[in-house]
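Scrolling down, you'll hit the structures one after another.
Both of the next two complexes hold subunit A, though its partner changes from subunit B to subunit C.
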Partner chain A sequence: MNESPRVAGNIIRRMEMRFVNPILKSPYALILPALAICVCFSVIPALMAFRNSFFSVDYVAGVDRFAGMANYRSIFTDGAFIQVFRNTVVFTFFSAAFGIPLAVLTAVFLNSNSPLCNFTQGVVFTPHVISFVSVSTLWTFMMDPQFGILNYALGLLGIRPLMWLLGENTSLPSIIIVSVWKTLGYNVLIVVSALQTIPREVYESAMLDRSGPVRTFFHITLPMISPFFVFLITTCVAQTLNTFDLVRLMTGGGPKNSSNLMVYWIYETGYLHFQVGKAMAGAVIFLFFVGAVSLLNFALTSRRAYYQ
Partner chain B sequence: MKKIVSLIAFIALAALQTAGWRSPGPSPHSGVSLSSGTASAAEGKTDVVLWNVFADNSDTGVFLSNAARDFTAENPEIKVTIVGQGGYDAVAERLEAAAASGTLPTLAIIEETFLGRFHPRAADLSKYVSKDTIDNYQKSLLASSRINGLLATLPFNRSTPVLYVNRTLFDRSGVKGAPSTWDEFAVMARKLSDPENGVFGAGICWDTDAWIFESVLYSFGGEIISPDNRTILFGRNDIAANVVKLFQNMYNEGVLFNPYIHQDDPWAVIGSAFLNGKVAMFLGSNGMFGTYEKLMSEAGYELQLQTHPAGMDELSVATGGGNIIMFDSATEAQKRAAGRLIEFLARDRYVTEYAALTGYLPTTVSSLETGVIKDLARRSPSYKIAYDQMRHAHRRPLTKNWKAIYKLLTEDLRRCLTYADTDAASAMRDAAAACQKILDENPD
Partner chain C sequence: MPGPHRIKNYGRHGRGDYRPAINSEKRIDAAESMISLKGLKKTYPNGFTAIDNLNLDIQDGSFTVLVGPSGCGKTTFLRMIAGCEECTEGEIFIRGRNITKKAPGDRGVAMVFQNYALYPHMTVEKNISFGLKNYGYGREEIRAILRDVLELVGLLDYAKSKPSSLSGGQRQRVALARAISKSPEVFLMDEPLSNLDARLRVQMRGELIRIHQKIGSTTIYITHDQVEAMTMGDCIAVMNEGAIMQCGSPDEVYNNPANIFTARFIGDPGMNIVAWRDGVSLGFRSSKALLQRPSQFAGLTLNAAVRTREHLGEVYRYTLATARGEEIEIRNDYLLETGRHLAIYIRGENLYAFGADSGRIPTAGLVDDAEI
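This part shows the complex of A and B:
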């Protein structure tokens, strides 16, 4: 009888037990693929950005010279950077401040048994699945100062027409409106899912205790869905901080940087003005800012979340 | 301990990546192995990749692909790939990315002023294109081809701003001839305006790169930038502000069609108004003539091109359009093959065919003497207008910062027409100061 296949099998099994199994049991081995992707596409580019922020870099001219803090000095003395940073904060704050309450109200309505639910669902979710290019084209037409439907509607109400995307005072509010409209569907989806996790018995008890709809909303509905708010606020803030498409497609950051946001500024400074080092200095500052906002967000919202 | 091991592994990985990090700048091995290169190399062919500024299905795209087919029939050892990019800015942005990643094409058509940006990567064309061919190009079109003694580009789809005139509307209003000065332009615009029928005497679009503004400025004797690219000049006198005021006043009078109070692309807005008989004249590139002539004729209007109006005795105008650049990152064999392609495209047959198809300028001296161009000029004097105007070409800004400068300038120009009560003088001063800051921060 030939014993060699059995011996070989035993050796492989022993090797498996000795080397492969401990690796597979290790949590680090299991997260390795995700970690590798994260390191390659996030960590290393971030390190490169950090390095380039101290250099004067021009890929076309072949320049790669240490510049010390010059790029950082340049952005802090650049009025445009300060303005764009402020715009980004304002844009993020108002997009979240209007977008999330609106999503909650719409979701509460959709969670009821109103006959208008299906229609409203369609209206609310459609923007979420439309591409940014289509959304921008649609709103650009609607916001045309001469022929746009928005100014026509304002005219019917006796209000003077607005310049919308063309005005220095109106361009940022205009893209906030579009951003809230575009993200409403996704936010509503999250809140509706949250509402459906609340047991019906809780509402029945509230009814027995003669709790009105407003009181029920503030004392039952909101606390019960609060864990979802942590997720919703975090994703909403992260999404709006990283807005690029709307600016690129609708205003190009203008007029006079009034609607320019950080991510577009980084692209514009690096790719259009060919100042890679300065753009990377802006990116590093923005990275720390986003990190700080996320930490603050977790600290504030997770403490107030009610977990069952 | 585990944390320390993880940290060390992470740092090692990052260091490895950093060590293998390609330093920016020209590399003898970069930009050669484009995706199509491997297959062609296996077939023993030399690859030439040309990035075309227009889409593949545009007139230029079809022309280039037909010309490439003829060229490869004559030169079977060369494979030519034409890649449509969809606009001057799109080409520039992709070249920027390609320069960083070492994947520059062999040739690209770039807007003539982008030479200021890409010349550090350009090959010397005088080494790969014969002297006879180079000498045959119109001298005025070569004005923006040389930089620091290097012949870095050669003309391809070249243009100049000319006055588009709806002759039918002129005749209906009893206006004879066409304006040769800006004063006449304003007077005729008043006569041509017909508010009851929504007709404006004139229209203006500064263009996305302020090209039309630049040309009007030159026609008044103004300048954008000093020849050494160190000083912004348009804020140093009143010429730029007066150009803006001319159009602001016409708009306030109700005789100028203003695309900047609309949200859409200004060229699309003004073009549509002109084709619909709502604008009697505007400045546009002669390269649009082929398309506009067809569309105006279908709409029942007679189109004429007229010489750019002058603001002083001697006319001075901008040139525009695209030049071909060859990149130094290509192999010697690719550069020689690309040089042969450029020579092929400079033959009279292709220069005349392209000019007749699109309205762009015939780029060579000998092509002007061909029967095709003479017939074209006889049949439609409009073609001749642009050819003759080339004598008055003004050198364009050739700084790497031009894109950043024109973006700022265009925003202020746009604002002056969106809000026509904006003080033009302070707007131009502010724009000039901001543009000067760009030059100071990032000198050539």
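This part shows the complex of A and C:
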């Protein structure tokens, strides 16, 4: 009675063995779906960007002709590109240089299980789940030179008010502060989980070895969480190099490009000023820069990290 | 400042055949004992009392094994001596010195952990020298100590290896070397062999004893394995629910258990206990149960039914149920069918009696002809 489903099942199984299995034996067949998406949305656009960086492109006027190195020449003679590039390096460096040590300190505190932990955990992690739009709006209010709470606080300390996002010297540090604040929760999460991989007994051994808290931190804790730093620094640098939202929402790159970052500059040049070729030349240079930084980052950190 | 006891002092107690005379009847004076614990109590913030009013004296140079079931508070006890856990109440003395409030590093103790607790990012050498540096030893001294202790545990060739490249037994030997290097007055060992496989465990057992005999420091060794306790300790403290049930030589706790818990816990298998009358229970070792009534028998006759049989090779292991449903275990080379009813006989001199409070009471004249 129940023969027919079983027969059907057998046929499907035989077909599978005959036709599907040989295909699945090839590793390339297995990565094909992911590869297709990657080719469509990363490789082809990158190649197009590379091609366009040597062309003079104007979608409105319908111009698309070979321009040689003209785009590259123009961005290097244009002071803005150099400044934006420098801003990006400064922004990334300080975001990581403040963000990661701050995350480590916070995580060490959270790991100590003091009564304030739950509260701190909430405070630190909330920004990570808030959207960039809300974060930007909030900080724009707080950083308002006239009515913002930050200048009010400075006033209480007897410090002269700052221009924050509106000052040429303060706009970049301002978005660094917001970036550090926004990413702190995620970084802390990574470091806390790293700290929890250290067995309690190792700390007790250190106590029995007469190692004080500072020596224990530098000789036991830091080396033991070092593998996580590779990951943390790589993601942090990749993330901050690609920052777009903060600039778009808080400063628009201004004043006078003082807070403009690479990704926003590419967007601005390509889509607002319609200089597609120039934007793509910038993008290509940026691509090589990011690649070089990643390689360097990996080479430096993996050499020093201990893996169990 | 170098520590008070240099590594050169190895021979201080190095009497190879040293076995302290343990007599639980005699009250050991705190002044002559190495470690003295008075009224120790540990209550965790959640209200759980792990240890309650624990008093124990441990003699200089002894190898004391603290044995008890999981969760009986033995690890807490050891961590309190090490200073990793605060005492809620009570005091700890080492050589008459009150160390209750001292930092772990200033107590003159070293600890070997179950999971080795090595510093995984440091080489074997650095694992050992890290503490020595903190203790203030000079470079030359550290080099000499390193050579000494690595030779002692047989790991001279592995000085530059990372723990991850060593086997479990080797890692535990590194941990041991690290503990020895600081020439502590007291060694604390928290189930150091339980992460090793059976064969290695037996081998390390012997090695630990050899090292103990060589350096002679007082050792407190924790285990839940009563075989380990019996074979290694020259003094066994049986612990249950945060209290010491009995403390004495292996012979003493096996042949002269002070209460039902010790009787059941020590020995493989533990002692059989059956309820008798007026709250009194009778106990006997499996090996003392006879299947045939001897002539001139005075003792306990026990009627029971065979419930299960296991073949252990040399003998069979039987579980029997008495009429009241109490389970007892006997070992015998007779083949008995399961379900069979039979009587077993235990001579009076092989019987132990326990009172209603589960403490030991004399058997003399009590059980000349008892039957259950």
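By our rule, the second predicted complex is superposed on the first by the 287 of 308 C-alpha atoms of A that agree within 3 Å, B and C clash if a C-alpha of one lies under 4 Å from a C-alpha of the other, contacts with A are read in each partner's own complex, and residues count from 1 in each chain.
Keep in mind that, in the parts below, a contact is a pair of C-beta atoms (placed from the backbone, for glycine too) under 8 Å apart; a residue touches a chain by one contact, two chains touch by 3 or more.
This one's a predicted model, so the numbers in the text were calculated from it and none came from an experiment.
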Original post:
So, does A:Q146 touch the first partner subunit B, the second partner subunit C, both, or neither?
Top reply: first
**OP:** Pick one for A:L165: touches subunit B only (first), subunit C only (second), both, or neither.
**Re:** first
Subject >> Partner chain(s) touched by A:S205 [first = subunit B, second = subunit C, both, neither] >> reply: second
Subject >> On subunit A, the residue positions that both subunit B and subunit C contact, one per complex >> reply: none
**OP:** Please give the residue numbers of subunit A that touch subunit C in the complex, ascending.
**Re:** 199, 201-202, 204-211, 215, 219-220, 223-224, 226, 306, 308
**OP:** State the interface residues of subunit C toward subunit A in the complex, per the touch definition above.
**Re:** 79, 82-84, 103-106, 109-111, 113-115, 117-121, 130-131, 134-135, 164, 178, 182
Subject >> Footprint of subunit A on subunit B - complex, ascending >> reply: 6, 10, 13-14, 17-18, 21, 23-26, 93, 95-97, 99-100, 117-118, 120-121, 260-264, 400-401, 403-404, 407, 411-412, 414-415, 418, 438, 441-442
**OP:** Spell out the part of subunit A that touches subunit B in their complex, as residue ranges.
**Re:** 28, 39, 43-44, 47-48, 51, 57-64, 74, 140-141, 143-148, 163-168, 254-256, 271-275
